[in-house]
């Protein structure tokens, strides 16, 4: 089974630039993490955006949408910032016949302590086991974007309504 | 959904004891890793054994079997050494009505680079999504113990025959 | 021998706040690092400022100056942002009878890969071995603030002139 | 200033081999750590032994002695297991005109939490600042091998007598 992984930026990918004294979205860490996980699943990784998810606009979401539709694989993981992960998830719900799992992290993968590796593991399992549809995999739970929101204070996602 | 996590030892849990200049199975790191993952899934963790899996005997497997049957939860993760993970998996296949996922790691969770966090993420997603049965979740793949073996040279599991 | 450690902020102490999607100066990591180093040297740690060093003004430097003069210890380590570490070093050169070592890091101590622990080790050795005076200990070298500048491009310090 | 670093094995260098389910002395991590520290000090690293220090015999100590005498540099760091670091230190005290600093760690450098990076930082500063002689740099303190012993229970060195 081949999985296509699209990275769009977000906290997951942040690295620290001393020259600017700030964290910025850097090259994606996904490849490094998958090596660390010693996985032999065929994954094709494409870095299509490098933005904080608050900076994603309509064109960016259209790009993500298009890249998923064009991908030969029907198992798709999208690495995404958490602030608008729900919006992108809802936007992607029109796509048929593909299992799409959005994930990200609250702490950069480069930190000693981070939820990135755990969330990536969840997403890799979920994208193989779930039927076609759009899902958010964060902190060990699987959400339907249509009924989910980010609870900023708790640094978690939760079901609405 | 409540998940019961049983830890039995193995590489996953190894810590380094300077006094003996060797790595030994220590207190389990599962709780620490789940905090790092910031999960809000209700997990109950029990440390039932602290052994290298090569040292597990019939009585140990009977104990694991019994603990799973007695657990009120029907979603069970077993943290287990990789060398005999397949044997224990086969041994547990008689249990009905429960989803049992065995996982572990090739590198101790305490190392800077380890597959432990990724495998734990996979197991947490898999145990929620899979039907009743016994599974091995390692390096991003889900195996049926009845047709799996460890490839020691590759540090991976693979499907037999 | 008792060492007084004053923390003023800087990259060394940065932690990631998801809520603001940025790194900010957090509680100091020095205590945690010294425990990890298993040191039994008597160190008294005071957090006197929590700022990027570019934001330090005359009053802040006056505060650092005063805290060093008032400290009963005559071996002082100052954890400081790198951008104006030289300026603060020059400012402190009037203090007599004390060995003052400024250090910091180019990557936050909380990252998987960071120079913080190494620089702290250098500073702890240097503050014990050097005569009274003001020094900068970074990336394994000991500098005199009066003839040093930060080379931003190289992320290193270098001797001027 | 050029520093010669000789690695002899010990906990500092231990890596985990899944195939044998044990930690063994691996390739040295010193080069990796010095890169992480971003140091520009000229260091020449030679791996001359790969042993637990309890396994070092007279011939091994003669080899270390010879390699130090033959090195063109007069600033020498020896990475060494802690159990017999004192013995090797005493053995080297005949060498004249060189500053020799022995260091190592109680936890492997590859662990998430380790004293290796801190001790290496101490050793790099100490070897530049100390007069000719033999020293042990561990957990932030500088010892004279002739009056030092390892306190196994405390995982520290201490002054005898």
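Chains: A, B, C and D, in written order; residue numbering restarts at 1 for each.
We adopt the following convention: a contact is a pair of C-beta atoms (placed from the backbone, for glycine too) under 8 Å apart; a residue touches a chain by one contact, two chains touch by 3 or more.
From a predicted model like this one, the values you see are computed outputs, not experimental measurements.
Set against the Cα centre of chain C, the chain with the most distant centre is B. Distance from the chain A centre to the chain D centre is 44 Å, each centre being the mean of its Cα atoms. Mean C-alpha positions place chain B and chain D at a centre distance of 37 Å.
Mean C-alpha position of chain A lies 26 Å from that of chain B.
Counting partners per residue, chain C has 106, 112-113, 155 as the residues that reach two or more other chains. By the definition of touch given earlier, these chain pairs are in contact: A-B, A-C, B-D, C-D. Chain contact summary for the complex, chain A toward chain B: residues 33-34, 36-41, 106, 113-115, 117-126, 128-130, 137, 139-142, 155-156. Listed in rising order, the residues of chain B touching chain D in the complex are 11, 14, 16, 18-19, 21-23, 52, 54, 81-83, 106-108, 110-113, 152-153, 155.
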